[in-house]
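Paired with subunit B in one complex and with subunit C in the other, subunit A is shared by the two complexes that follow.
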Partner chain A sequence: MKDSKHIKIRMSGLAVLLAVCFFGSFLMGKYAIDPVTLVKILLSRVVELPVDWTVQDETVLFNVRLPRVIMGAVIGGGLACAGAAYQGIFQNPMVSPDILGASNGAAFGAALGLFFSIGYQAISVSAFLFGIMAVVIVLAISRRVKFNVTLELILAGIMVGSIFNAGVSYLKLVADPTDTLPAITYWLMGSLASTRTQDVFFAGPPIIIGILPILLLRWRLNVLTMGDEEARTMGINAKVVRTIVIGGATLITAAAVSVSGLIGWVGLVIPHFARMIVGDDYRVMLPASVLLGSSFLLVVDNFARMLATREIPIGILTAFIGAPFFLYLILKEGGRQ
Partner chain B sequence: MTLQVNDLYFSYKSNEVLNGISFQATEGSLLCVLGRNGAGKSTLFRCVLGLLKGWRGQILIDGVDASELSPVQLAGKISYIPQNHSTAFSYSVLDMVLMGTTARLNRFENPGKQERKLAEASLDLVNIRHLRDRNFQGISGGEQQLVLIARALAQQTRVIIMDEPCSNLDYGNQIKVMKAVKDLAKQGYLIIQSTHNPEHVFLFADEVMVILDGIIGAMGRADEILSEELLREIYGIHVNLHEIKERRLKFCIPDQREVSYVEAL
Partner chain C sequence: MKLKKLFAAVLILALAFSAAACGAAKPSKEETAEPDTRIFVDSAGREVEIPAEIDAIAPSGPLAQLVLYTACPDRLSGIAVAFSDQAKALIDEKYWGMTQFGQFYGKNASLNMEALIAAAPDVIVDIGEAKDTIAQDMDGLQQQLNMPVVFIEATLDTMDEAYEKIGELIGDTEETDQLAQYCKEVSEKAAKVSASLAEEDRLRIYEALGDAGLNTNARGSFHAEVIETVGGINAADLEVVASGAGSEVSMEQVIGWNPDVIIAESEEVYQMILSDKAWSVLDAVKNGRVYKIPTSPYSAMANPPSVNRIFGILWLGDILYPDQYGVDISAEMQKFYKLFYHVDIDGAKAAELLGE
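Coming up: the complex of A and B.
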């Protein structure tokens, strides 16, 4: 058990880490901007400064890097938050935010949009709506079940998820292999490279609206990990809390996938990492997950654009980093017992 | 505080579990519920706790119909101590006890200073304040059960329902937990607990209720109603009752002439 003063220090540490990652990410990329210029350009929006930077500096900063950095931070924090919340309501630390089919649905929506070439913004809308639809179907199925609701939800989620997966595969099969197929394939790999300002305005609000209720309910998530019935005897309507959390997490996941494609492992691994640092109590673990998830995705995205001559899809990198890290956590847990 | 159950019926699909249970219990008493596996003890508890829907009959808490109470209102009247179980995540002892204060909080509120004081006072009541900052999963089974009792106390209800609190505990911890429970009954709580151990009933119970196939077979003081015949009817084995005169205490042991349950090789 870590005492509260200890935890405060660690939380401040995580906040500082995020601030460093956030500002550091502006500097990194093919087009380097030095820190002094960065500060000057940012300040110039507030106060009058003599312009000693190029127009290109300013364009790269505001039109390319700013939306990308904000999107990375919001998506990373959101996915970690959704994952941590799902692990609580399903009383299972192995659960990730796509367990109820939100990302499979969103992927199908995007693939459909790409297949019919309905345009950049419309593809995001389609992905978002299909992501939400997948979870609504899962909830509708699970409503008919009286016993062991959480297990039924997970089973229904896997079922609905694989149907949408099959849909994506079919679209790939019939897609034009010269342009549509690669577009779908790259899109599904997950990337922040093409993030524009309009994406931030499209996906940012639903993700933040999704995070808020989950953060506010974080004490109740603690109680809910005792199981539905026990939680109810302590005055919690498990069904209501779970539905709110699922709603929030679905907004987050569908919105994230709709602009960045599939970015896996963040929602599964980051909550575990947060638990290692601040313990299992959702009152601190949930905010810690958000901070850590944002930092993590920013760092990984920096690697995605710096590591090779061409961009590496970030979904590949999160898997490369996330999977071994998860294995490390399991081995470490196993060694402790 | 009075708990009154009138003509309670419940069935899972076509399987009748409760066939008209009626009883009344008042505070300041430890009521033990005996019955074989599947007799309906847990089902009765879950009906009273509002965890099961579709029962027929009446459950009155101080004259108020329990079916008209919201989960928060019900949690203010009856608390529940489950069988000791493992959790997916580990919390400190204090946080576990704090969970009992949840019904006092608004939906989006975290426990504050007042709740923490309440939780610490509850730890004091069962003499485990020294465990306050320990990890719940790192303490012994008996200590965990005491923490769950403290959690129920932090919920500040007069009625506490316990489902086999002593299963999985070693002998010493069983007695410690039972003594703590008995003390709480003396302080004015109504404690209703199911048990599979007739010894505990003779030693600690103020009253015993015997459930046989969904109906109340007998209810009253343990040394008055628990007979060899009744115990045989509950458990399906022959039992001998003995009495230690100087302690005015009854106890039972299995009959030695009992036929073997294992075929001779």
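Coming up: the complex of A and C.
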């Protein structure tokens, strides 16, 4: 058991890491802005300063980089939080936020929107609603099951998810290959490249609203990891807690996918990483996951826009980094036993 | 608690940052000298203020890249995607290493906005078919990049208008008028021939794509437009039309259609059709009516569906109805490649590209 002082130091370290990643990300980009100018431009919003920078500097900073950095931090933290919570309530370390079909549903909603070319904002709305709908269907199915609820939830989630997946594949088949097909394909790869300020306002609030109840219930998650029976003996209604957590995680996942497309691995790997740093106790592990998830996605997104002059979809990079790391964890765990 | 304070401090800083961004509505201070501008009306009907002199243009995707390369290669300030090896064979080396910006498809594409802004083009041009949301997409990008973004519509029938529009955009119509004229003549010729053909004279064509030649662009799909334009009939009459080379068919279906002419996209498929036993039962194979589509620098049929298809009309027209089209395809190829791809090829090279 790690003592509390140790954990506090480590948590502070994670908070500092996030701050460094957050502000550091403003300095990274294919359009070079020197740090002094950057600070000056930011300050000019609050106080009057003589203008010695170009319109381009300002455009890059406020229209391109700022929404992107904020969105990356919020989505990274949100996905890690949702993943950690799901791993707890399903008592399964291999679970990620898309287990109940939220991502597949949202991807289908987006593909449908792109297919009918309904417009930038409407596509996000469609993705968000379909993401929520997928999970509602899963919950409705699992309500009819009386035994082993978590297993049934996961199975129903996988089934509903694959139905939406098939829907996406069909849309790709019939989509116009010159613009609609690549649009859907790129969308599914996940990217923060085109994040606009309006996206931040659209997806930011639901993600934060989703994170809050999970953070507030984090002590109960500890109990739930031991199983429903044990939770009941401690006076906790497992069903209620689970439903609230699923609701929050679904809000997070659907909102994240609706603006950024599919970004995998964050929700699966980051909670394990957080466990290695601060231990299994959800009271600290959950906030640690949020901090770490934000930092991780910010760093990966810097690579996405810096590696080449054309963007590299961030979903590809998270998989490249996430999967080997996960393998390393498995090997390490295996070696210990 | 130290931890909470730190966390709060980070949050406050983040919020201050966000607040600063939200207040970002006020326009930046006046520039020292206001540069000359003019108003350009694009194909989506948008009035866009562009610099009077257009020297640097950024394409928004591969279609725009191809059309702009044919119209004004020296005004490109970068490219959307790298040229393929087939394209490189005939495209001047100085264009190979240009900055790649990636492509824009409305959302979550690979367009690197910062690299685009850093290249500082005078205007960003999107070329293709108009989607319902095109004006909205263009406005959104223009607002975010704070740079003029224009859309120019180009379909197989309207290539000439697209070139005229580009001429208007760059303020130099000398070359673009030639290209527009060429496209117009080809389209008119095809329309005339196609209209004059009796129904029983129309040949049925099967386009063999994919590794096994069993993928095709079905009748009615945007990608097989050339076949119908020249006056042929697409043999692949499918109930469900996938727009890409995505329509998978079976050998039985192909035998059932028994096309008069087969065109193959790759050399491997072309050789396979000539030698494979299953294909040998088809009339087209028996009669020696199998052809390899010229694919360098771009496929004459569809890939990408742009100005390369203007040559495709002449190529396929010459195969199907040589008397009606009456072109010397080798000479025409040299002319087209000179005009559009800015490359001189001799008769031997043309024969090689035509697979003769």
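Here, the second predicted complex is superposed on the first by the 337 of 337 C-alpha atoms of A that agree within 3 Å, B and C clash if a C-alpha of one lies under 4 Å from a C-alpha of the other, contacts with A are read in each partner's own complex, and residues count from 1 in each chain.
Quick note on the criterion: contacts are C-beta pairs under 8 Å (C-beta built on N, C-alpha and C of every residue); 3 or more make two chains touch, one makes a residue touch a chain.
What you are looking at is a predicted structure, and each value in this text was computed from that prediction instead of being measured.
Q: Going by the touch definition up top, name the partner, subunit B or subunit C, that contacts more of subunit A.
A: C
Q: Could you look at A:S4 and tell me whether it touches subunit B, subunit C, both or neither (first, second, both, neither)?
A: After superposition on chain A, A:S4 lies in contact with neither partner.
Q: Please work out whether A:G235 is in contact with subunit B alone, subunit C alone, both, or neither, and reply first, second, both or neither.
A: A:G235 sits against subunit B, while subunit C stays out of touch.
Q: Determine, under the contact definition given at the top, whether A:L217 touches first (subunit B), second (subunit C), both, or neither.
A: In the superposed model, A:L217 contacts subunit B only, not subunit C.
Q: In the overlaid three-chain picture, which partner chain does A:N92 touch, first (subunit B) or second (subunit C), both, or neither?
A: Touch partner of A:N92: subunit B, not subunit C.
Q: After superposition on the shared chain, which partner residues are touched by A:A32: those of subunit B (first), subunit C (second), both, or neither?
A: second
Q: Could you list which residues of subunit A make contact with subunit B in one structure and with subunit C in the other?
A: The overlap between the subunit B and subunit C interfaces on subunit A is empty, containing no residue.
Q: Could you pull out which subunit C residues touch subunit A in their complex?
A: Those in contact with subunit A are residues 1-3, 6-7, 9-10, 13-14, 17-18, 20-24, 28-29, 31, 61, 63, 78, 80-81, 99-115, 117-118, 120, 128-129, 131-133, 136-137, 140, 143-147, 222-223, 240-246, 304-305.
Q: Along subunit B, where are the residues that touch subunit A in the complex?
A: 46, 49-51, 71-72, 74-76, 78-80, 82, 85, 87-92, 95, 99-100, 102-103, 105, 107-111, 133-135, 155
Q: Okay, in this complex, where on subunit A does subunit C touch?
A: The contact residues of subunit A facing subunit C are 8, 11-12, 15-16, 18-19, 22-23, 29-32, 42, 45-46, 51, 55-56, 58-60, 62-67, 70, 73, 114, 117-120, 123, 173-183, 186-187, 189-191, 193-194, 196-197, 200, 260-261, 305, 308-313.
Q: So in the complex, the part of subunit A that touches subunit B is made up of which residues?
A: Within the complex, subunit A touches subunit B at residues 1, 3, 87-88, 91-93, 216-220, 222-223, 225-227, 229-230, 232-237, 275, 279-281, 283.
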